[in-house]
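Here come two complexes built around chain A, the first alongside chain B, the second alongside chain C.
Then we have the complex of A and B:
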């Protein structure tokens, strides 16, 4: 049996970060990945005729500054757009609002007085997002919460927020649990703007704009934007791939060993101490420290097993909600579609189809009852294909569809085509010629993501990112500080604090925790 | 008549009366002004059909604080609370899930639907009880202002922190999750059977403008669970003689102490001179003077209608405007010629003496809410029905019955427009039809009925948008945020003007706590001791 200091399970971005960081500290690290290559849900796949691109992740928003600096990733080639991406909030009457970079620094198509109110509201949003920003890089208060240090930490955070001023502090306490619908309706009128903000607040989360706490979704997003490597920029495919490649190179240079197609079937645990892993093909590896970057449900219920856990923790993990609710549609087009609009639109925008708050809410209603959304909302990015494949010169549209249930009433077999057609005919309303130019298209539903990318439920965040599963409650109180009741076992995936997107802080925080523990 | 008082209370709702009683008891000369010719706001019994008393607004009593009952000697003034026996949910397939006060009988009945759920029920009850214990003492304390550095706010914050610190790590985690979850997610952690979940989810949505799948509804469950009849948490009760009996007892207690109460005296404006209260001016032109005015009306009515905006900071007015007070429920009150028949259940089954429901799945509840969100009443509404005359024979002649149907959801406006008579009739018909679907021959038994939409509630009782809690019970409007951050301590920007309605902490329900807490704060400002008002946690 081969022996290592550390075994990391799962080569998604969080797994890569932990592996690289621990290897850099002089440990011998093995990274096990069930799939054929690294990158997890951000990995590149051959999509059509030899053309490779990330199938799922479409934007590189919110890659944490800390991760890039800590691992020295800037020495590798990271591709970011120099200029921030603008968002077009498509409207029904074709009076689209164009959201300037940095979440609406400027907005085209808005009356002056409304823009003034928007500016104030936006400032509040960004101000309050600092709470998350502050907490994101902290190791959450966990089982050891009675210690002085962890209490002091929380107290300081509260004090710092209070020092911003009484009025602001009161607004924070009032707004933080509100629904985004009430907040935007207090200040704004333009339907497509309200729709756009509602969409951004609830994408990937099982909440509608009228659900209390849906504002947290927006705060979360903004805090990631603020803490990201290049505040002002979003980059399409190239950005994602360059980030994942940089992580891989960094891990490789630090001496991490990789095993692909190495799906772990169980952990070897005796008397609540983990000593190694067993793969599906029977191979075993031993290590004193095992770090799992896969979802908490898989880690605890499949790999560790309830027989090794206290019932309380098992119950909490079982209660996690992890059914995915977003679907990805990739379309290859002969050329950039011409948009039917008086405004001058082109491929350098992010397009969001969420013309009204009510529409987002009603699609969420469908999701609640496992039904197909009647007029699905989605966001769409275009990128020119310039690789050496036969598709050179074509354009890829990456479309992320909101509120699509994990299992649909009547089964996905019949509904898959319906969903795809619904989205394409919506795009057709804005770009009438689009159907003629479609070369390839493919749809990836949550349950397909689950199978292909080895993610329980196909949930992009591994489990719901809602108020009852943030910070110390993510994924469950007893394991929120990345350590677990099993000696030597740590978790570091998106299911841990702060989770989500390509942030990478889950991995970085977990690595820090492991280094701390070994000093003790 | 005398025109000078120490304190004027606007509105004779139960909180106004509780407030007035405590202040009168502390030696002040108090005047209560009521616009209607009856007393009690939304806690009333009215004879709308000859011989039959209607609890036509609030219909069940569970939250009324026992401390208040003792302090004001309400039993001596005729208040009697009778515990409710059971409850039942009729299912679409003709079965029913009954609940009984007897724990073992209840568990046996649950077992009929799911053995696993019956076992989980013990764990569930234990967990709820823990949460009740945690929150109960907070009800009778003024919420601190977390943004303030004043001594009393800091020390109150410290009290809260200490309470949190007393919990074990695992309890703390459970508490935070409980406060933030949706009732549907919460019940999913215990139960598998849909009927059982639906029957337990009821308390999470009653009176709120939220569906069972909205985060925060698990907390609302608690709001209904804290009922304390005979000291048992979760038990609900009828006031003998209808809900008006509470107002009657309070009035009797108030008058016995020498207080003055005037009917048919609608207040037009609070008289404010130089940022200080001088008294009130009535619609009929009468003027009463007092240095302190307490409003039992909701926060919107108090500051947008009864007060001239020139006396208030614009920022404050904006926040009052943003206060969420959407009505979400209606009522259909029915006088019945005889006991309605429910196939499969005998008339004497105690489960009929409690709340009767027809909504047998969370999905049906949530869909009812979806209709409300879209601006209309629920096509398949959720009904919380009670027949108090089965328990309390004083409300109707023998054999006849009063039936109270609380209907959720019902919007303050239909599709953005005011309610019309046709709307109202259609709404009533939807409700009656649903009952008739489960109870054959029901329509023939109706002697008289009264349909109440949020519009009627607003016009008659004065509840803005017909919200029965005088403001939604969401986090942004609870504790120190209720009604408005910085004004959670019953005071207003105007010296001498106070609030004591359900718009203030701890919120709605026939609880009396806001009225009592406001009295404590007023007495503090007047440097009068309210030494006989004990802190809740000392009583526990």
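Then we have the complex of A and C:
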């Protein structure tokens, strides 16, 4: 049996970060990945005629600046979009709003007085997002809650927010559990703007704009934006891949060993102490420290197993909500489609189809009852394919469809085509010629993501990012500080604090925790 | 029109808020000065005729008590033993078929949820009896184990025969094998085609048996027992008499002598097995079980928790609920159960006390009693001494074969 200091399970971005950071500290690290290559849900797949691109992750709202600095990723080639990302909020009456970089620093297509109110609202949003921004890089208060040290950061965060003044603090407490619909309806009129903000607040989580606490979704997103390179975002064209490759190179250079197609079947645990892992092909590796970056549900219920877990924890893990609700549609087009208003589509823009808040809410209602959204909302990126393949000059449209149920009434067999056609015909309203140029299209539903990417429920965040599963409650109180009741076992996936997209702080915080623990 | 079948299936609990045990008619017929109470949703007697006479039937003849309201869970399946090893603190692997063990189960902090008796009917077939309801806990604990958990509380009923003549009554009834039945053992048999399960267990510290059967034979069976007991002083009893006997035997009851951890609102009310004097049940050498880590860790800490003690108190005033002081001034705890013990002729009590580890704290303990005498309270300070439970130790409890009275 080969022996290592640390074994990391899952080569997603969080797994890569932990592996690289721990290897940099001089530990011998093995990274086990069930798939054929690294990158997890951000990995590249051959989509069409040898053309490779990330099938799921089209763009990261933010990768944490801390991660880039800590691992020294800037020495590898990270592709950024220096101008930041602009978003077009498509509207039905062709009164699109164009949302400037940095979440609407400027907005085209908005009356001046409304923009003034928007500016104030936006400032409030960003100001309040500091709460999460500060918490994101902290190790949450967990099982060590009895010591003051564990709570010191939390007190400090609260104190800093309070020091901004009584009014601002009261406003935070008033707003934090509200629904985004109430907040935007207080101040704004333009339907497509309200739709866009509702969409951004609820994409990827099972809430509608009128659900209480849906404002948290927006705060969360903004806090990630602020913690990343605010002025620039990862480029649509290869940005995600450049980040994943940089992480891989960093891990490789730090001496991490990789095993692909090495799906772990169970952990070797004796008397609540983990000593190694067993792969499905029967190979075993031993290590004193095991870090799991896969979803908490799989980690605890499949790898650890209920026979090694307290009933209290089994209960909490079982109660996690982790069925995915976002579907990915990839289309390869001969060329960039033209809008019928003779205006050209810009490949540097993000397009969001959420013409009104009511539409987002009604599609969420469909999700609740496991029905197909009647007029699905989605976001869409276009990236030009330039790498010397036969597809030179073609364009990939990368589309995230919101509010698609994990299991749909009547089964997905018949509904899959219907969903795809609904989205394409919506795009056709804006770009009439789109259907002619389609070379390839593929739809990846949550349950298909689950199977292909080994993610329980196919949920992008491993478990819902909602008020009852944040910070100390993510994924569950007893395991929120990245350590677990099994000695030597740590978790670091998106299911831990702070989780979310390609942020990367779950991995970094977990690595810090492991380094702290072993100093003692 | 509502079909008669539907009518039968309908929930009628609103008409009769408390369930009637299958033995209800039998016990109600024995009532002269009856008091009834709600035990786990069943209408159960506290006193049927006379509390003291009922108590003395336990110690000098034989008593019959309805134990149907106890929660009874059947645990069946190839992994039943592994499941119970995770659930409970004792090593179930060491429990032989046809035996009964007293056991308890804890949450992840090592705090006791409840205690109960575990009947091993066969290799893969167990019955767990407890005071409180635990079905959700059992089902959640069974996640990942090949085991089925059935709440048979309403389908299985039982009586407890306790007292020196209990064995004789069962012999009279025609039960074979009573002579060889050792304490904490069980067997299944048939009495005129009525299948029953007999175990030599009880809650009195006396010779006694518990008999479980299906509801449909309940009445016929208990009438047969009554007839067999007519010359052996068989008396139907309520809870108060049983309670006196169990305090003498030093048995504790969840939510009376300690607060079950899933009932406790205040965190410092939770107790670990050691605090209940039941640390000897915990097998730390077996594999993982609920609460193991916390129990191990708690042994490293300097324990300053409340613990349960058995006390003897000078004088004969009732001491229930009284406060206990060290050196007559520092409060150290309260009495949870107490009686004047007819067997030892002493005032005895179970109490939770916070004494620390120092031996000297165990002496110089006093109890503050407010004794009401013709509308005036007299405050008394009486000397308390800690004793080793049980308060009584009867040879007939474990004699095998039991004598024929």
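Convention: the second predicted complex is superposed on the first by the 510 of 520 C-alpha atoms of A that agree within 3 Å, B and C clash if a C-alpha of one lies under 4 Å from a C-alpha of the other, contacts with A are read in each partner's own complex, and residues count from 1 in each chain.
Just so we're on the same page, contacts are C-beta pairs under 8 Å (C-beta built on N, C-alpha and C of every residue); 3 or more make two chains touch, one makes a residue touch a chain.
If you're wondering where the values come from, they're calculated on a predicted model, not measured in any experiment.
K.L.:
Just to be sure I read the superposition right, which of the two partners does A:173 touch: chain B = first, chain C = second, or both, or neither?
P.N.:
first
K.L.:
Touching A:368 in the superposition: chain B (first), chain C (second), both, neither?
P.N.:
first
K.L.:
Comparing chain B against chain C, which has contacts with more of the residues in chain A?
P.N.:
Tallying touched residues of chain A, the top partner is B.
K.L.:
After superposition on the shared chain, which partner residues are touched by A:210: those of chain B (first), chain C (second), both, or neither?
P.N.:
first
K.L.:
According to the stated criteria, A:162 is in contact with first (chain B), second (chain C), both, or neither; which is it?
P.N.:
Only chain B is touched by A:162; chain C is not.
K.L.:
Go through the superposed model and pick first if A:301 touches only chain B, second if only chain C, both, or neither.
P.N.:
Once the two structures are laid over each other on A, A:301 reaches chain C alone.
K.L.:
Where does A:477 make contact in the superposed view: on chain B (first), on chain C (second), on both, or on neither?
P.N.:
It touches chain B, and chain C stays clear.
K.L.:
Touch check for A:315: first (chain B), second (chain C), both, or neither?
P.N.:
both
K.L.:
Using the superposition on chain A described above, determine whether A:271 touches chain B (first), chain C (second), both, or neither.
P.N.:
Touch status of A:271: second partner only.
K.L.:
On chain A, which stretch or stretches are contacted by chain B in one complex as well as by chain C in the other?
P.N.:
Residues 312, 315, 478 of chain A touch both chain B and chain C.
K.L.:
Hey, which residues of chain A end up touching chain B in the complex?
P.N.:
143, 145-146, 162, 166, 169-171, 173-178, 182, 186, 207, 210-213, 312, 315, 319, 321, 358, 361-362, 365, 368-369, 466-468, 472-473, 476-478
K.L.:
Which residues of chain C touch chain A in the complex?
P.N.:
Of all residues in chain C, those touching chain A are 82, 86-87, 107-108, 137, 140-141, 143-145, 287-288, 290-293.
K.L.:
If we count contacts the way the header does, which residues on chain A are in touch with chain C in the complex?
P.N.:
Where chain A meets chain C, its residues are 271-272, 301, 305-308, 310-315, 318, 478, 485.
K.L.:
Name, in rising order, each residue of chain B that touches chain A in their complex.
P.N.:
146-148, 169-170, 172-173, 176-177, 180-181, 185, 188-189, 210, 213-216, 322, 324, 363, 366-367, 370, 373-374, 474-476, 480-481, 485-486
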